[in-house]
Structures are given as structure tokens and as C-alpha cells.
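Just below sit the structures, each encoded as C-alpha cells.
Look for chain A in each of the two complexes below; its partner is chain B in the first and chain C in the second.
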Partner chain A sequence: MAENTGLARPGRATRYMRNKRRMDNLSGYLFLAPAMSGYLLFIFGPIVLSAVLSFFNYSLIQAPKFVGLGNFQRMFKDSLVSNSFVNTFKFLLILVPIHCVLGLVLAFMVSRTRRLQSAYRTAIYFPSIVTTASVAIAWAYLFSTDTGVINYFLRFMGGSNVKWLTDPVMAYVTIALFSFWKFIGTTFLYYYIGLKNIPETYYEAAQIDGASTMRTFFSVTLPLLTPTAFFVVVTNVIGVFQIFDEPFLLTNGGPGSATRTVALEIYERAFLQTKIGYGATISFTLFLIILAVTIFQFMGQKKWVTYDYE
Partner chain B sequence: MKKRKIPALLLNLFLFVLSVVMLAPFLWILATSLRLPNDSFKLPPSFIPTTFHWQNYRDVFTTFPFFDCIMNSVKVAVFSVGFNLIVSTMAGFAFARIPFKGRSFVFLAFLAGMMVPTQATLIPTYIVMSKIGLVGTHWSLILPAIISPLNIFFIRQFMMTIPDSYEEAATIDGAGRFRIYWQVFVPMSTSVIIMTSLLTFLSTWNSFLQPLVYLSKWEMMTLPLGLKTLSGMRNTGSVSVVLAGVTVSLVVPTLLYAFGHNYILQGSVMSGLKS
Partner chain C sequence: MRKFLGTLLALCLILGMVAVPALAEGTTLTLALIGDGQQKSTLDSLLTKFTDETGIKVETLYINSGWGEYCTKLQTMIAGGDQLDVAIMASEGIQMFVRMGIPAPIDDYIAANPDTAKAIQDDVSDDLEKAFIFDGKTYSFPFSFNNVFMHFNMDRLKEAGVEVPKGNWTKDDLLAMCQKLTTEKDGVKQYAIAVPYNEYFCMEGWLYNNGASYLNDDYTKATINSPESVEMFQLWQDLIYKYGYAPIPEVNVNAIQQLIDGQVAMGSWGRWPTTSYINSNFKDVSIQYLPNFKKNELIYGVDGFFVMKTSKHQDEAKKLVGWLSSPEFEGGYLGDGNVPVLQSLAAQKCEALGIPQNYQLFYNGEVPMKQVNAPVSFSEVSSIVLRAMSEICVNKADVQSTLDAAADEINQALAG
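Take a look at the complex of A and B:
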């Protein structure tokens, strides 16, 4: 009765609900406070600050000087910067298919084996957890033209020396090979886990229907794995846009500037030449491109990702 | 039956060869790190140690503050994991179990944080670190590592699968939210916590760009940066000594893998990765 008038004292139940809601809001945000501060300080804040910085010239020593769109105008005319964007797109076109497709193929193959499954899994996954810098140093020796082990085997089999690190085209092949070896384990594991999550009954049903392995893969496994594949593609694209370690450690962007990526360019401009404002301009542009591409992928996911099997 | 056996054999053969190729570089690193420095480049290469020149391992520790680098890496990784896991489990708990206002919006904002490239946050963070005098210290690496949207996501996914009855029972026993979090949810989430800890440890242990930007003194460097500096200085010299350092740097990830690979698998199977 009291509740109906809306004016009288709220009933015990409503008061309880209201208190609970208030408590939920309070404790929710209290639990979130540390993460929220981290997020604001190290992700959101810096992005806003780098947007602001891209309108300034700044060298850490002198006070920032407002230059309007000057940095952006300069960037569009800077052939080194556009070259670095082109190179990054090349890496996207090479590396994303390698990791997203071969990771799946290998995961499927390994999941079909019996006794040696965990050994294969370890061999494929293990390189992805070791220190990139350490193994890249070792691979640079393996790839070296005259004294490298890889060319030794090529010569042994009757071939001739390949300039793995010093030829502008081969440098991409080299980085792709290294990237496969070093990082295929990451996407492999995501797919492998996705495969493990598919209930055995689906396979049994396919077997009863007499479907072949290939048929089962394309009609049962693949559709059920599209959410994993979507996650893998999105994170991979974001990752390759930022590719730094591999070209820095193997070719240092070379030969010439053949493998200089946007991330290398930003590092060089912002930290080696201390053109902080200009570096921020390039990095904020990179962020906008990643944002646009990711939104685009989320918009397109309805076309090929099926979430409705549960 | 016969028809099936041949593909299985081919499959195993292929995977066996691939596994050998994947592991061969590690054998070469180990075998070469034990060669006499003058023979580093001598061909044919060996994949099984033929000589045992342990002096290389002593050299890498004496010609260069290698031990400091190891300790720096341990320090940065341990502190990063510790802080990150406190922050991530609290946030994951809030997102999974507390129906506060604006929850889905805040969660989405956190997930969007995964899109932000390291380079874009690195520049402003560097400026702030330099203003408060943390450039060159390990805090410049630890502080930004406390926040990881992916870890929060994993932990939330896992905590959402814990049945309500546990929470209800604890509430009836008079436990407040914090006690429910600390004494019920954290202990029940061990597998996902171990998984995210391992992955965070490895990613800080292996991180290269941040140390490269923030650290310039040898005795402050982390292991990957120290090794890169060492190899840069000895480009023509004794590769075996560098490879001895590389071998040592692989010990910790290997141990973590041996101890934790089941947790990585279990944890990610259970948190479902389905978004």
C-alpha cells in the first residue's frame, strides 16, 4: 500500500533493494579502482596526451611549441614515414595469413594424432614462450650469408648462398620464417584450445554420417572455430601493426630502409632524435588506423562468425 | 582400415620433421655455446655438443654484468606479476560478480584498451616518467605493466563460471564482499591465476622495447636488452660467449613452461576464449 502512493516511507523490501544497489555500485567501483587508475594512467591518459602532443613540437628540454597541423602535413610528405607504413602493410599481408591459417592447420593436425600429441604440442608451442631478443640474436647468426648454418645446408644440398638479411626481398622471407618459428605457437595454442572445446559428440555424429576427415573439418570443425579464428585474426592484426622486435633485431630495418616498420620509425623519431611531438603524430595515426581496421573487422564478423552453437 | 593408416603415418612423419625443425635451433645454440670461441663459426655446425668449453659461461658473467641483468629481469617480472594479479583479480571479480551501474560500458572500454598500440602509449608515458624522475629505474617498466585488459578478461570469464551457490553460502555466513573475493573466489580461480601469472611473467621477462627506451646503464638492463647490447659489441668476436648468455636466458622460460604448461592449457580451456 505504502509503495503505491510513492510518497510514504518506502517498504522494507524496496529499501533493501535500494541499499543493495547502492552497495553494489560502491563496491563495484571500489574493486575496480586499482584497475581503473592503471587504465587511466597508462592507456587512456597516454592516448589523449599523444593526440594533444601531435599538435606540438617538443624535445623534452624546451617547452612544447604549438604547431597546429604542421606535424601532420610534414608526415604526409615524409617519404620515410610513408615507406614505413607501406612496409608494415607488407608485413600484415605476409604474417597475418601465415599465423592465422597455418596455426589452424597445425592445431588440427596435432589434434588428430594420438600418442605423440603432447610432444608435438610442446615442440610447436615452445619457441613462442622464449625470449624473442635472445633467439633473434641466435637466428641472425644462423641466417648470416657466409658463415650461417642455413646457407651451409643449402650449399650442402647443391644450392648457393642466399642473402637472407641483406637482400631487400629476402629480408621479408627471413622475417616471415623467423616469425613463423617464433610465434606460430601462440595462434596454434588458441586454435588447439578451441578444438578441445568442441564436444566429442559432434565428431561422433559426423562419423556416423560417414563424413571424411576433410569433410568433417570444413563442415563441423571450421564453423565451430570461427569465434576463435575471429579472436586470433583481430589480435594478430593489432600485433603485426606494432611489429618492432623482429625487424629491429634481425635486419634493423634494413637493408637500407626495406624493412623499416612504423614502430621502428616511431622509435627512431621519438627516442633517438627526440622529436617527441612528431613521434606522437605518427603513433597517434597508427592508433587511428588500428582502431578503424578493428572496428571494420567487428562490423564484418556477422558475415562469417557463428556464435549460436551453444 | 588400411586406407586410414597411411594418412596417419604421413601426418606423424610431417609433424615429427616439423618438431625437429622447431627444436633444432635450441640444440644448435646449446652446442655452439660450448665450442671454443675461435670455432664458433666453424662449419659443419653441430647440434649435439662435441666440445665442452664451459669457460664461455664464466666469461659471459665476468666480462659483463650478466648476473645483474638476470636479477633485474627477475625483479621486474616478479613485481609486475604481483601487482598485475592483484589489480586483475579485483577487476575481474567486479566485472564477473558485482552488478554495478555502467558495468558493461566500463568493461567494453577496458577491452578496447587492447587495441592501443604500445608505441602510442610509450611516448606520453616516457614524458611523465622523465618528469617524475623514473626514467632509468625499474619502476618505469613495472608500473605500466600492472594493467592488462587481456588478463582482466581471462579472469572475468573464469569467475563467471563459478556457481552462485558459493557466493550465497558465504553471504549467509556473514562474509562481506572483500572476504568473498579473497577467501572464496581467489582460491577457486587458482588455475586461471596461475595461467595469467605465467603469461604475464613471460611477457615482462621477454619484453624488449620498453627496456630499450627506458634503460641505458648496463647494470640496470634486463636480460634481453643486456644480451642485445653484448652481441652488438661482439659482432665479430666470440659468438659462443654470446650464445652462452642466450642459453642462460632461456633457462627461466623453459622451467616455467615445464612447470606450467598444463595450467596454461587448462586455464585457457576453462576460461573458454569464446568472448
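Take a look at the complex of A and C:
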């Protein structure tokens, strides 16, 4: 019947195209499947589970008990939790500028160096590949108040002991120093790659116009590096919100609770005290805060990030 | 046909009866212990004897953590459906363990094996045995225990011309001794004492000798802010800041190693540092009771093996618990570290090791003992106590107000 209509040939072509598109779509989805299933299983699933568990009291052994908003009410009254959020914001204010600014300075200086560039790159990036736990313990020994090597040399030079890890203020300084040494390599690498991706022609044009090094940096390099800087700021903010290794290994949140962060709080409540529901409440709240801050950063990027330099 | 079916059924029944012991002999139990696994080869070779005797195989699993974290990991394993049949548990987690319904009582095993049970029970102090009885049900036999004593680096004492104090030494004796032991060597200050830091158990040992404790006897109220307790926390702070006899404690600085290296002349622990002493070939060490502030009451913590209620092999697991509590296993497994609960074995083991001097104090039982405060919410309470200690001894916070705040937090934790 269809052959008599005279529409058989185009119909077959349309069907063929439709099938091809379907096959293309299918192969696309198949390629996406491993990443998507990993995301659903290990990221989206736990987020949803964390949100659900926030409304329950759950201790692993006994069945979860629905408590409504009880955990949230408790969290807002919990001075330890609010203290840990304050401490995390302190780390945010200290560590994000250090990583974002000093990483750029290092990358800029190394990219302009003509000799031993690969040696500098290796030296800066090397601490990033060392296990945090092992080097943190070594740092704790170096910075020990009474028996540490740093204080030994300070005393040798006529100074006195500095309470690197036992004073609430100095503990932040030591953690910042450690964080800079240990993790600056990653930020440095992002900036370094960003700098290498800036077309040489812009610099040549600036040179012809007689721009100084400073002027070239602020008027050419920095604007063209804003997409990288934006990425670095966003990832650093997210990372510092979740800061765990440095305070856990160097001070265990001390002295007292001076460096106790939200991630440490979650770890203690959920995994040491087995209050899974309460830990999930703090964890989900942290997720919401990070989400809000990240959305805010993405909204604000229009004002300072330049993508159309090509 | 009917005959054939009948024969087949009978055959099945006979095979079934034969298969039951065969199944038991093929059973593999999982045993969890706390520690870094250095003794795994000793444990596994001892367990081959159990396998030879019973046909039951045992897989061992070491969890390297503190008691609080160990409890959590066991809970995670049980909740995750992991096969776990027997696990060691100490005073710190026994209350929580039992109240959460994790272990099964072993009264039926005791009733069925009265001789084995009696041999163990007759050789163990009543205090240690009571730690495993809840609501009239026995959950385990005691296996090993620890108290807290003052350990002395004898080289440092000799250098300062000081002798190990008598058993009834007082706070004044302690301070006088600390003054003599605080010196300087090659530009580095050598301290007299390491205050008990990050050590819930050791800290409470000091409190007991001052008539204080973290909690009241039935674990319903915090007493950490009582005048006697405040006095003790104040003493620790003063030893660091007022007198300069003790270093500021730090999370990653090992005080036992400081004692071995002579950076401090004394510190308070149980028998567990003997492992480090042996590894460091440190033999010139002695022990004495903690200073007698108001009385001399030895703190103790005891551990034992528990059968998990979720175990599919209850009878075999109980058999293993009985065997693990026997002198044969205890004698083979315990050397340095914890003190065996079997009194006959404790003397023998401590004597064989020979260190520290005065090792008889570990087992002579001359001083009344009191178990460490370990409520159901132990990990929360211990976290609060250790944080308060950190505030006082590291952050130099006001003792009374810090302990008042800690008491409020503990009371909330106890209320659930």
C-alpha cells in the first residue's frame, strides 16, 4: 500500500535518519553512562540520603527514628556546631586569599623565569603528591613547642619558644603555612597552564604600545586569566569549606576547639558518636551553604570574568 | 515405590544427622580485635590449636583505633551485614555495647561448661568479673586489664638524686620531686612530668585519688566540676604554667617517647608502655601508685571477648569465647602490654618481662579498685572531657568555668 502513495522513498530516508539519530543519541548516552552512574551512586545518592537522614535519629544498629526538624533545631542551638562554622569561615578568610593570590604570584614568576623553570615547577608541585597524613605528622614534630626543630633554632638565635600548635591564634598561622606548602602546587598549576594559554600576540601588542611589566600584568595577563582565577576561587572556596586534613592531623581541632571545623564536627558526630542523623543534618546544611555560595559566585562572575578574548 | 521413597527419606535423615557436625566443623568464625596487628601471627598460630581441637576455623581482623572509634567500626560492620562472630571489647564500650543489644549473653555456655567457667572465675578478682554482668546476665569472661601508675625514668631520677617515692606519697611530695627534676640540658629544658593529656582513662586515675570522678556512680550526672575535680585540673594547669614542671601537651607529641628520651622524668600510664619500652630497649624504668591526694583508689579498665547477637554460629562463637579466656590462650597471647586477668598468670607474665621495677604493683591487689566511668554515651562524654582538658592545659582557660560548661554538655549527652 505504501509503495503506491509515492511517499515510500522519502519515508524510508526519514526513518533512516531518525534511526541514525536515535543510535547516535544512544551511543552518546552509553558513553555518558559510566560517569553518570558514578555521579548518581557516589554524589547525588549520598546528597539525597544525607537530606533524608537529616530528619531521623539513626545510630547504625537501631532502626532510624523520624524526628522531623528536631536535628535542625538542635543544630541551631548547638554552640559547638556554630563555633565550628565560625572557625571554618576563619579558614576561608585566611586560606582562600593565600592560595588564590600567592598561587598566581608563583605561577607568574615561574612562567617568566627562563632558567630552571622545570625545577621550580617540580619543587612547588612536589608537596601536593605527598600523603598529607605523613607530612602533617612531620610538621607537627617540627612545630612542637618544647621539642620542635623550629623552636630549637629560634632559641639558638636568642629567641623564645613560639606556641605554633598550642596557641589558638598561632595554630591558624601554622595550619595556613602547612596548607600553603602542601596545597599551593595545585593552584599554581592551574594558573601556570592558564598563563601558558594566553596568546603571545597580546604581549607583543602590549610591548609595541610600550606597556610596562606591571601594566601588561594588570591590563593583559590578569583580565585574560579571569576564567582560570574564577575556577581557582570556586574550587578553593568549596575545598576550604570542607577543610579536614590539616586541623585533624595538626591540632585535632584544638587547642580546645579553636580549630575545630565543620568537617571535623561532622566526623565526630557521625562517625565517632554514631549520631548519623545529626551528622547528616550538619553535613546537609554545609552542602546548602556551599551551594548558595557557589551559585552566588557564578552569578557574580559576569562582572569580572572575561571569556571572549579569542 | 513406597519402599524406595521410605528408604530415600531415611537416607536423607541419616545424612542430615551426619551433616550437622560436618557443618559445624566447616564453620569459619570472624574475630575482631583492637590493635595494629603486630600480634596477628601469634594470634593466628594460637588459634590453629583451637581449630585442631574443634574443627572451627577463625579469621582474625585487627582494627587500629581508640576504643571509641573501634566501637563505631564494629557497629558499622554489623549494620553493613558483615560476618562478625566474636569481638573484644573494653570497659569503655561495654555499657554501650550491651545497652544497644549487640552482644549475646553466655549464661547457657557457662551452664553447659561449669568446669571451664569455674576455672576462669576462681582465678579472677570479683571486681573484674562484675564488669561483664548486666541485669543478672553474664556477657563475657574478663581477659586482660590495666590500672594507672606513675612511671619514672630512673636515669633522670638518679641525675637529680631523687628516689622513687613511697606508695603513700602526697601532692607536696610530688611538687617537691618535680622541682628537683626540672632542669636544663644542652639548652633544652628537661621537664619533671607529663600531665595526662588526651588520655581519658589516665586522667580519671588521678581524679579517683582525689575523691573525684567525671560522673556519679550510676552515670546519671556529671561530677567533673566538683571541687575535688576542679582541684585536680587546676593542679595539671599549674604544673604547666605556674610551676613550669610540665611541657604544654600536644596532640602529636608522644609522652611515652618523651619519658623514654628523658624529656620528662615521669608520666602516668598503665602497663601498655612496656611494649614501647621493649622496642626502645628502655629498661631503667620504675612505677609507683599515683600520689595519694586524698586516698589511693586504683582505676581499672578490663576487656573481654563478646559473642555478637547477629552471629549465625552462636554455639561455636561461645566455644571460642571460652577458649580465648582460658589460661592456655591468655598465657600465649599476653606478654607485654595489658595485664592478664588470671591472677596466677599475671604474676608469671609480669615477672618474666622484668620491667618496670616494682612490677608487682600491677597485680598484687593491695589497693581497692574502681572501674573507669564509661556510660552508654562514652564517646561523646570522652570527647567533652578531652576537649575541656585541652582548653585548660593548652588554651590556659579558667578551670572552674570550663568544667562547668563541660558538666552541662555531659549532662545533655547523658540525657540522650
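Simple rule for what comes next: the second predicted complex is superposed on the first by the 297 of 310 C-alpha atoms of A that agree within 3 Å, B and C clash if a C-alpha of one lies under 4 Å from a C-alpha of the other, contacts with A are read in each partner's own complex, and residues count from 1 in each chain.
Please note the rule applied: contacts are C-beta pairs under 8 Å (C-beta built on N, C-alpha and C of every residue); 3 or more make two chains touch, one makes a residue touch a chain.
Predicted model, so just to flag it, every value in this text is computed and none were measured.
By the touch criterion defined above, A:Ile61 reaches chain C but does not reach chain B. For chain A, the partner that touches more of its residues is B, with chain B and chain C as the two candidates. Of the two partner chains, chain C is the only one that A:Thr166 touches; chain B does not reach it. When the shared chain is aligned, chain B and chain C each come close enough to touch A:Phe271. In the superposition on chain A, contact of A:Thr251 is made with chain C only, not with chain B. By the document's definition of touching, of the two partners only chain B reaches A:Thr113; chain C does not. Applying the stated contact rule after C-alpha superposition, one finds that A:Val149 touches chain B and leaves chain C untouched.
By the touch criterion defined above, A:Trp181 lies against chain B but remains apart from chain C after alignment on the C-alpha atoms of chain A.
With both structures placed on the common chain, the touch criterion links A:Gln301 to neither chain B nor chain C.
Shared-chain residue A:Thr226: touches no atom of chain B or chain C. Note: residues 60, 137, 141, 147, 152, 249, 271 of chain A belong to the chain B contact set and to the chain C contact set alike, using the contact criterion stated above. Residues 59-62, 137, 140-141, 144-147, 152, 155-156, 163, 165-166, 168, 249-258, 268, 271-274 of chain A are the ones touching chain C in the complex. Residues of chain A that touch chain B in their complex: 21, 24-25, 27-29, 31-32, 34-36, 38-39, 41-47, 49-50, 53, 60, 106, 109-110, 112-113, 116, 119-120, 122-127, 129-135, 137-139, 141-142, 147, 149, 152, 181, 189-190, 193-194, 196-197, 213, 227-228, 231, 235, 238, 241-242, 244-245, 248-249, 262-263, 266-267, 270-271, 276, 279-280, 283-284, 286-287, 290-291, 294, 307.
The touching residues of chain C, counted against chain A in their complex, run 68-69, 71-72, 75-76, 78-79, 100-102, 187-189, 191, 247-248, 250-253, 258, 263, 377, 379-380, 383, 387, 390-391, 394-395, 397. Contacts from chain B toward chain A in the complex involve residues 7-8, 11-12, 14-16, 18-20, 22-23, 25, 28-29, 41, 43-45, 86-88, 90-91, 93-95, 98-101, 103, 106, 109-110, 113-127, 130, 143-144, 146-147, 149, 152, 177, 181, 202, 205-206, 208-209, 212-213, 223-225, 227-228, 231, 239, 242-243, 245-246, 249-250, 253-254, 256-257, 261, 264-265, 268-269, 272-275.
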